[in-house]
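Structures follow.
There are two complexes below, and they share subunit A, which is joined by subunit B in the first and by subunit C in the second.
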Partner chain A sequence: MLNIISVSENENDILVLEGEVDASNSVLIDEAIMKLIEEGSKSILINGHKLEYISSAGLGVFMSYLEDFEEKNVDFKIFGLSDQVFEVFKILGLHQLMNIYPSKEVALNS
Partner chain B sequence: MIKLPSIHVGKLSLLLAILVWLALLFVDLVRLFAILNEMESGIPVEFTWVLEILFFLMVYLFYSYSISKNTDSEFINLIWRAASTGIFAIGVSALIFLFYGSISESRLAQEPFLRNFFYHINFALTTSFLISTALLWKHLILYQRSKRVIKQWQAYEFAMLVAMFFIFFNQNTLDYSFLFGLVLLIGLGIVLSSNLKWIPYLTFRDKWKSLLFLFIILFSCTFLFVQMQGYSDQAIYPVNLTDNLFLVSLFGFIFSYALFSFLVTLFNLPTSSVFEQKLTEAISFQRLSQSIKAEENEEQVLDILMDSCMSASYSDGAWMEMGKEEYPDGYLIERFLDSGTREDLSVLIETSKTAQDWISQNQSENLTPLLIRVNHPTCESLLLVPLIINKIPIGRMVLCKEVKDGFNKEMVNIISTFVSQACISVENHRLLNQAILNERYQEELKIAQRVQKSLLPTKLDHNSAFDLCAFSNAADEVGGDYYDTYRLDEDRYVLIIGDVSGKGTSAAFHMAQMKGIFQSLIQLNPSPAEFFIKANAALSKCLERNHFITSSIFLINTAEKNISHARAGHVPTLFYQSKSNKSDFLEIEGLGLGILRNMQYQNHVEQKIFTFNSGDVLLLFTDGIVEAKNQKSQQFGYERIRTLLEVNHDLCPSDIQNKIITALHEFVGGDGKIDDDYSLVVAKFN
Partner chain C sequence: MEHRITLYCQITALAELREFLRNTLTMPKLSDSDKFQITLAVEEVCANLIIHSHHCNPTDHIELEVKSFENKLIFEIKDQGNAFNLLDYEVPDLMKVKGEKRKGGLGIILVKRIMDEIEFESYEGMNTCRLIKWFRS
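Coming up: the complex of A and B.
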């Protein structure tokens, strides 16, 4: 089960992910990010406080936008990941490519 | 043993009937001779009666045999048979009459023997006509058998049998007992005559024919009866054969049944088209309800539907149009309509208020046929029928009639039935096709599974310095896990494990690419880091945008007893060291393949080297193992597998592998299904 809530705070668009991301629902995240990019968002944040699990397919979604973010100058940040989920990002090496922060405050101030 | 020839009932009874008739004739002629010569013949009259009864029975046997042999006869043929017998009997009588007319002057006309001879012929023919017609009536009466009708018929037959012997009782005189018997038998005959269920099944043409035949039968019956009465008062016939209760009541029965049939058929004529229509509807329904055969298609069913609905409602024109989703090229059948009229009518439907209300008030799956009145020179009433399959409207059929309010309730009902039946047929056809297609996909997947299994090595390359074993299991038919080995030279071996993101068919294709890349690049003898840099460059060109591959590669040098390795985003590899009796995950940085698709990648890959000793164990696995969840949604995790290796390091590689797999399944519990691909490779150094 995955629940995505899109919140807009000052220039920042925050996607709150709740539950588990696997191959069957990763397309929802894809759609949500796609929508924000099309709307011309310049700052996208992922709130992972309630993200319990992410599969490789879910990571594939973030990964597939890395070039788009760079091209369109979108500031993309992830924060609030649990240790377990962060570990998944880290194993794949994504922590070297993405801006992952412990909390929202840190993410916004960096 | 003497073999008895098989008895042919038909021939035998005919022969016996003729013999009995001849005997009868002979006896009567002898008696006549005696009377004429005023002698006593010495033959009691009972003898004649016995022969007469025998004759009746033989004729009955013969006809019941010959009619039952032609059971397939249609009603019209049966009636014709009776009518033709009647015509024959009349014809013979007419010839006899003519014969007497021509010789009326001669002495021969007064010849009593000749007269008696002809009397016997007439008697025989009348009897044949009566008995055969009665048996044909039996066939018609018992067309729709019920217990009651069969009982009635049996009672009638029994009463007729008694009537044959009645002659012994009343000595052939016309008394009250005769009249009583006659009334009783004719009453029974009239009761039987109400069984006319065969008439509605005649077609309009056959009804006319049967009217003619029945008329002939009525005429024959009357003629023969009158003729028979003519004999009764003449003294030259020594024994009266025809004033017989059996024959007279048969006359009554045949006449009443023929009369009833005649009248009922006559009055059925105007409504016969309705019955025929109902039969056509039943046949249409049957055609629609038959499942579509493999060589047929939906269009044929829709075609039959159109024809059936048009004939059921006597429509003057109709068309059917299918939705764009089902038929992208559009599908339209027009019947007795030109496209101009159709377009005019379509516009009238769109603008009609009833149609708009109808659409707005109903859910699309609950739409029922709608009657619309329109003002158009060639069409004043329309019936709009939606075609709904699986709750989705797929099109509509419009029936047109020139007259106002041309569709009655029965027509709408039968059309609704036709349409729903046709829709069920089409739906079944689609489901069947779907099932066949699924079956084929299953077959294809089985082939894919076989091909993929062959991509994993059956023989693992190693030398005496270490033992190897490996295992891989896909969550679906095919999976994205990969392991392989390669022998560079006698001391250097390569182990690789990989995991394509996602699972199933797309993962399986990328896994095959990975195998190709490994087998070609490794020939160039690259260092582990070089291998990943090149593999990343190659995979960047072939992986889908949101797919990546994680992998770990190990170059084992058994001469120098060291292993150099690199990791590309893969789950860390577990290494058990016998010296410290501990197992740890190898720590090394490295980015998954296909994530960075440019030369930047080389900044994100590391290479390390470590030494191994005897008893050390290297355990490669994929994330399917550590991410496997139990019913409480807990993951198997890294700690469990680490402990398992520490506990079981003494065992041989295949036993270590089995321990881990068993533990994994025990952990997952339930049906033991792990919904990701998982693999492991165990290398133990000697």
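Coming up: the complex of A and C.
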């Protein structure tokens, strides 16, 4: 089960991911990010506090947008990942391609 | 100890697979992090078969058998059909995945980095992929 809540705070758009991301539902994240880009968002944050699991299907969605974020000057940040989820980013080396922070406060002030 | 599950080739089977692995990977030698990563690697192989080899055809199925030994775990995944040998699959360069805005290709990298050994055989239409994880002592 995956639940995505989109929150707008000042100029920042935060996608709160709750539950497990796999190949059956990663398209929901894809659609949510696509919508924010189309709306012209310049700051997209992923809140991973309640993200219990993510497979390559979900990680691939983030990867597929990195070029778009650069081209459109969108600031993309991820925060609040559990140790186990963060470990998966590290196994792939994604922590070197994405800005990942321990908390929202640190993410917003970086 | 042996545990097995039959998964029908639809993507909703992945949640079922994780539930099965949660109940199966109870060995005290495994840390929570080990369980998380092993589950991920097994799911990546099954997702590949379900989506790419069987095109999410729910009348097809794959079989997973988990064998637990003193020093290792073996995950045997069997399916019938076009063989997908992940040993032949060249791991893509991460910058290339990014540049091409690709969504796929990361799963196999995870499997190869998480598992200690990967074996593949195809015999009379039956494909067997064996993932082996050694217990760290």
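In this text, the second predicted complex is superposed on the first by the 110 of 110 C-alpha atoms of A that agree within 3 Å, B and C clash if a C-alpha of one lies under 4 Å from a C-alpha of the other, contacts with A are read in each partner's own complex, and residues count from 1 in each chain.
Here is the rule we use: a residue touches a chain if its C-beta (ideal position, glycine included) is under 8 Å from a C-beta of that chain, and two chains touch if they have at least 3 such contacts.
The structure presented is a predicted model; accordingly, all values stated were derived computationally and were not measured.
J.: In the superposed arrangement, which partner chain does A:Asp83 touch: subunit B (first), subunit C (second), both, or neither?
T.: second
J.: Identify which of subunit B and subunit C touches the larger number of residues of subunit A.
T.: Of the two chains, more subunit A residues are contacted by C.
J.: With the two complexes superposed on chain A, say which partner A:Gly60 touches: subunit B (first), subunit C (second), both, or neither.
T.: Both partners, subunit B and subunit C.
J.: With the two structures laid over each other on chain A, which partner does A:Ser24 touch: subunit B (first), subunit C (second), both, or neither?
T.: The second partner, subunit C, only.
J.: Go through the superposed model and pick first if A:Leu92 touches only subunit B, second if only subunit C, both, or neither.
T.: Both partners, subunit B and subunit C.
J.: Quick check on the superposed pair: does A:Ser8 touch subunit B, subunit C, both, or neither? Answer first, second, both or neither.
T.: In the superposition, A:Ser8 contacts neither subunit B nor subunit C.
J.: Overlap the subunit B and subunit C contact sets on subunit A and report the shared residues.
T.: In subunit A, positions 23, 30, 53, 55-57, 59-61, 63-64, 66-67, 84, 91-94, 97 sit in both the subunit B and subunit C interfaces.
J.: Within their complex, state which residues of subunit C touch subunit A.
T.: Counting only subunit C, the residues touching subunit A are 11-12, 14-15, 18, 32-33, 36-37, 39-40, 43-44, 47, 50-51, 94, 97-99, 101-107, 109-110, 113-114.
J.: Residues of subunit B touching subunit A in their complex?
T.: 499, 501-504, 545-548, 550, 568-572, 589-592, 595-597, 604, 623, 627, 635, 676
J.: With touch defined as at the start, can you tell me which subunit A residues reach subunit B in the complex?
T.: 23, 30, 53, 55-57, 59-61, 63-64, 66-67, 84, 91-94, 96-97
J.: Spell out the residues on subunit A that touch subunit C in their complex, using ranges where they run on.
T.: For this pair, the touching residues of subunit A are 1, 20, 22-24, 26, 30, 53, 55-57, 59-61, 63-68, 83-84, 87-88, 91-94, 97.
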